[in-house]
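Shared between the two complexes below is chain A, which has chain B as its partner in the first and chain C in the second.
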Partner chain A sequence: MNAQPTKIPTLAGLRAALQLAIGLELSTIPVYLTGLYSIREGRNTDTAQTIRSVVMEEMLHMTLAANVLNAIGEVPSPKPVDFLDRKHLSPIPAYPLDSPLISGIGTLELLPLSARAVDNYVQIEHPLHGAATLEAIPAAPDSYRTIGEFYHAIDLALNDPQICPDSLFEPVNQVPDNEYYGGAGDVVEVCDRKTARAAVQKIVDQGEGLPEEALHEPAKKVTDADRLASGWQMYSHYARFREIQTGRKFRPDQTAGETPAGALLLVDYNQVEPAEFVPRNGDGSPEAVALDEFDLAYSLLVDAVYAAFGGGISSRSEPPLTGLQVAVHAMYGLKHKAVALMRTPNPERPGRTLCPRFAYVALGGDRDKLIRRLEERSGSR
Partner chain B sequence: MHENLVTVSGGKSGSMKTTGTQTGGVQPSGGGKEHFDIVIVGGGIAGATVAKTVIEQAATRSPARHPRILILEAGRATAMSADKYDTYVQSYQQALAKVPNSPYPPTVSAPQPDVLDISRPVMGEDGTTKIPADNGYFVQMGPLPFGSDYARALGGTTLHWLGTCLRLLPNDFRMDTEYGRGVDWPITYDELKPYYERAEWDIIGVSADVGHQYYPGIGGDPAKYFKSKNTGKFPDGVYHFPMEEIPSSFLDEYLAKKSAGLVVTLKGDLGREYTFPIKISNTPVGRNSTPTPGYQPVGAVGNADQGQRCEGNSSCIPICPVQAKYNALKTLYELIVKYPDREPREGEKEKARVAVRSQCMASNVEHTQLPKKQGTVTGITYLKYSDDGSPPVRATVTADVYVLAANAIENATLLLASKAANSSGEVGRNLMDHPLLLTWGLLEDNAGAYRGPGSTSGIPAFRDGPHRSERTAFRVEIGNWGWNFPENAPYDTVHDLVGGAGTGTAQLYGRALRKRLGEILPNQFRIAWELEQDPEPTNRVTIDERYKDSLGMYRPVIHYDLSEYVRASLPWAAEASRQLFERLGIGAEVRRPEYKPGDYTHWDANDPSAVTYDGQTYWVRGAGHVVGTHRMGEDPEHSVVDGYQRSHDLPNLFIVGCGSMPTLGTSNPTLTMTALAIRTGDHIAAQLPTHTAAQPKEKKDA
Partner chain C sequence: MTTTELSNRSDPIVVFTDLSVELTGYDRVELAGTGLIEQHYDTLLRLIGEREAGHLLQAAAEALDADRKNHNGEALRTRVIESKLYGPVIISLIKLWYLGSWYPLPGSYADVNGSTAGDVEHVVSAQAYREGLVWSAAGAHPMGAKAPGWGSWAEAPALPSA
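Our next item is the complex of A and B:
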């Protein structure tokens, strides 16, 4: 590697980077959820299971980044940040999204499950985002070519006592492990430099799919990681998406860089709702209202997640629900709304159905306007 | 590919290719039969628990012992991967009647009982059966039909259990001594306690809060009842469950508030009064919840991310779509992933091996037993079927230790068919269930029915006490799913509201219908009064040449009735319900299709489950708790197995499962069955001969 990644020289820069890291992890989730929710009930179960498990780990990564940020003295927030010389970068994604931070990742689009959508997933999860070498990715000032580079810069800053003195780390607002639902991977509660770096290490892609010389370690077999006490094995995101892409499973003795050569994995792209993303137009039609309702539900969910990262507790129930437990209800609500949208024909686009926009509407004027608009509509129905 | 091959002598047939080519160092014993350390009949929770326990315990022996185990499952293995499990979910969604076995398609080669088949045999004046009810798998000889079912598929009936994990109470183990009823167990609660703990932690994964278990008969202190001897794991013996309790439902909280301070008074024989202070108690369940530190919930088979927590899908029976509820597939899957049935690869450490063969119907327990003498099991003969209707392949396997774990009724029919282990004459006898009385009403308030697991709380007050010497104990289960059980709601409620059966004109539809449903359904609630059934030798499973299934296996022929002891509790449960409903403000009698707050309980005489006692008719349903049939005891004259579930007659045979329970208590039996299976697993691991399956057989210790 010749070009060194952009350095993060200050604590303020590190905090901004972590705010953006939370947003980066968030930004992949709607991409995958759109594919997942487009799959018709009971169809493509292997694929649905794969996408779902990846989404859950993205949520884990988001939580880990939040724990690190909290531990170095800043509460996660959806508000825009200044990062190095770049001003007003929003951590919250708007689709289609060209990442303000990672140049190699490509445009993130909300697509129902299709070959193209899966190609996008593979590109997102590939350590070099599909490029042959790091150098082949164009670099931009104050940004990174890969997700790996970005987290490497964060790790360097965390490890620098000039930026992060030992006394800085405090276990504030930590989301505990028992609140995370995934079967693989644990939440690291961050209390010092070591745990902070462990949390970041957990987020970072382990390098599957890279040639051995780029890894500086032997390439792993797809099933090497025996992560669960029960002996169940989990593949990397990249390997799992490669299986969907190629329609074949890996054999246990293969490495993720190879082409899967195991059993057939059938993906029926016809058993998918023909959802199509349409940008916001606010025309007042029932379809537009339904899309608005989804955006509001999604915005409330994002707020609930950020509230959880801020240590929020709902005292309305007994025993009180912690922040993420509150958000769980919103997550299920979102799923049902998304599935309903994807089954609703779009009258302007025959043969197509509606597609959730996952548009976050910021608190304040815009949110108030949206709520008022929806209230007027429901009053007139 | 081997349809014409009906009988083979050993392990080299096409049907057993997978193991036939991999047996490696395993030497066939006499007659070229495949030999294992242990052969287990039945791929349900009991068999899976024995296998896992033996493997883990034998590995700690010095020198370590790594047994090779074969599990034979009569049913299919449809659900051994996550996507195949989803086919069960689809079957459930498409089924018109969502009964317990609706997701699990029957096979004619391994037929299973179904609650939809329950009908009443015709009895003669003299009390004998005139016409048995044999339209399902069971042949019901009466006078009452046996009202429960089980699943014959890999994973067994844990596929559709509710997940209730109550331990037995101390007095449940000494019913004869304490109350002069039934029999005593050969073991006590304190002896079984460590195995309960392991069942709750290592096999099932139970969610509960010790402090919220308000049982009678434990001296008033749950902490003492649960106090653990394992002070290494639980400092000072302060026990806790692996996961926090599943929150009580809104209905539970509503009932708790409304019934606060209620004391039910019931009149017994000779005018004696018994009082029962009502306290709603959160029920321990095998359902994933927030883990305590160090515990990792086990998710869906092959899909560990799914089912990490109960999602409130509200279909625990018949199927948890995400497998947040424990099923035995989880344990079996762990076994086949960790202990594949193959030689260790280069660099791998030697470890146990587990083969699971589905669609293998055990047809005979081969043995040397002569009447009234001890003998030895010499093999298990089974029929491997591929497609229903094509001839099965017969094979016999041998082992050092044999385990029957095929459900109480199936264990009994197999032993009877094999003329094995029955010098006591007790095999098949003492069949028990929890006869279940439903009462239901419409509450004055919205109590949030149809949400969450089937039940989250109960009223334990009637589970123990001096009343047990004159009438049976019972457990009270509060149901969260409205009138789903007694009135087939919400469907029948919709029918009532739409109406129009007489006139052809709908009464309510559209928004008005939805609104009315919203006013009625959340107010529905029901209670199940689950009565302890006492062991009676006349309640029994038998076999009869005239009743066989398509593979030629004996169908269970069942004689079943309720004793006076059980029946005497029916009016008690009804009266307790009346007092509770009165307190809830719904004492008035109301009937569908009218909907207003009140008591909707009604038991009409024309139902197959109708039971008359003292001039009053009750409906007594089955609880799915199939118990008895090979009871344990110290005396070989009056019991089939000993306290380790080892056959008195055939010392290399263990007969495990709910069939071993001498009495039933008021706990759903799966947890106790699992604890007993762990105890048996420890025992087998300690006794397993030191040679491996690859070495010549040594003379066994008796």
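Our next item is the complex of A and C:
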């Protein structure tokens, strides 16, 4: 296959790519959340802290991609897009997910914290997704082998005045930095080419699309913005997950490509709820209803986030909250629902508990059906 | 499918779960989601004694069986909830699920059935407080736990999706 990554030749292509970038960042979040929420209360605190910090940054990246897209004149949307010659690609993930865009990333699965789950995390965040060389990753037309290639193509297009003239950039619907809290990094408000590229660079620096050379740089390389006041160091997602995978911290003099050889990082895979993903079966049991309720709550949350990216409705509270602030409340609500599901035995799978499916049910007929089913069910309860 | 079709109907923790579903109005998934079924079961046994708990769960199992046949809640109401013997325990059990605290049984109960040293008012555990059903019933969150995010206090409480 040709060694040159797919070029994005038009503004329409760039806008579609950014729609898919928002979805790509979203698609990693349930994968990590399933691991995080499966950890029993008060256990594996270092691991939980690490996964949580990565999730926060994935949310930041989603926001950054949305800011860039808004600044080049398109509102983020969960609707399917046509990307180059590929038709109807959905930005919204359905699990298990084989990325329509990044061939090397592997199948994204929803697993409770386990050695296999952490292997998957490392594969997602590795510059080559675990492959020895870029060439070893099978390529497909109009897609990318790595997340790095994908963001590189976006950056090239953003930097091309033929595709993006200076006059194109406008600070529309920008999520401001003060709406992001609890994680490392900061939101770049995009108003021109320079800030657009800086926003993409921030995504790449923190995690997704880490260049291969980074493996030869210090594992604990931290930019100032990524050093929290508490002293918690936000080095790359790859390095953070490698520490969980190996059960060792990096020493300060190690490079990211080495095997961590510092202090022990205690991970107890037994202190985890034995959640197991099962596809929808709609049998009307309280378990099936609870899983459906979660899907509905998740779908409403995804809609709320996109609405916020689209300029957002604010609540009627006083002082008014922005759309994203309200969506954050729904995120906490979703967490408590997920934790409760993972404690609940699945009667059909002895020894296993329920696992939230993070299934987005699109607005329209399917959403209406789901709501109706839940309403009928609650009437009979 | 009900829990009892899936597992042994005489399994005391299954009886306890089915009884709790009837007493609280929450289904078995919602109760399991609190992570408290076993803890509350243990608390009951500890505070009224295994012998008394055995009587209670036996009576509850028989009443629940009868109610399943007759499709009503009459047997449970008359034989357990309104019973002189079990009524006071049932009240403490409902409070336990909702508030996460154990409320002591009345003297009249102790006079007949004896009492245990732990039968005093106390919060059973941090988790029992956090996961008390009162919070979800009120569309609120436990003070000091399960925080719903910055600024959420400016929004009206959301009622549980009935």
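Please note the rule applied: the second predicted complex is superposed on the first by the 348 of 381 C-alpha atoms of A that agree within 3 Å, B and C clash if a C-alpha of one lies under 4 Å from a C-alpha of the other, contacts with A are read in each partner's own complex, and residues count from 1 in each chain.
Please note the rule applied: a residue touches a chain if its C-beta (ideal position, glycine included) is under 8 Å from a C-beta of that chain, and two chains touch if they have at least 3 such contacts.
Not measured: the values here are computed from a predicted model.
Novice: Chain B or chain C: which reaches more residues on chain A?
Specialist: Answer, by number of touched residues of chain A: C.
Novice: Look at A:332 in the shared chain and tell me whether it touches chain B only, chain C only, both, or neither; answer first, second, both or neither.
Specialist: both
Novice: In the overlay, answer first, second, both or neither for which of chain B and chain C A:45 touches.
Specialist: first
Novice: Considering only touches as defined above, state whether A:178 meets chain B (first), chain C (second), both or neither.
Specialist: The answer is first: A:178 touches chain B but not chain C.
Novice: Looking at A:295, would you say it contacts chain B, chain C, both, or neither? Reply first, second, both or neither.
Specialist: neither
Novice: Let me test your reading of the model: by the given contact rule, A:374 touches which partner, first (chain B), second (chain C), both or neither?
Specialist: A:374 sits against chain C, while chain B stays out of touch.
Novice: Is A:53 contacted by the first partner chain B, the second partner chain C, both or neither?
Specialist: A:53 sits against chain B, while chain C stays out of touch.
Novice: Does chain B (first) or chain C (second) touch A:74, or do both, or does neither?
Specialist: Neither partner.
Novice: So in the superposed three-chain picture, is A:149 touching just chain B, just chain C, both, or none of them (first/second/both/neither)?
Specialist: neither
Novice: Can you list the residues of chain A that touch chain B in one structure and chain C in the other?
Specialist: The overlap between the chain B and chain C interfaces on chain A comprises residues 181, 332.
Novice: Which of the residues in chain B end up touching chain A in this complex?
Specialist: Interface residues on the chain B side: 82-83, 86, 89-90, 93, 290-293, 296-299, 302-306, 308-309, 311, 330, 333-334, 337-338.
Novice: Report the residues of chain A in contact with chain B in the complex, numbered from low to high.
Specialist: Those in contact with chain B are residues 42, 45-46, 49, 52-53, 56, 178-179, 181-184, 228-234, 332.
Novice: Help me check something: in the complex, which residues belonging to chain C touch chain A?
Specialist: Its residues touching chain A are 1, 3, 6-7, 27-30, 32-35, 127, 146-152, 154-155, 161-162.
Novice: Using the touch definition from the top, list the residues of chain A that touch chain C in their complex.
Specialist: It is residues 41, 181, 283, 285-287, 289-290, 293, 315, 317-319, 321, 325-326, 328-329, 331-333, 336, 339-341, 343-345, 347, 354, 374, 378, 381 of chain A that touch chain C.
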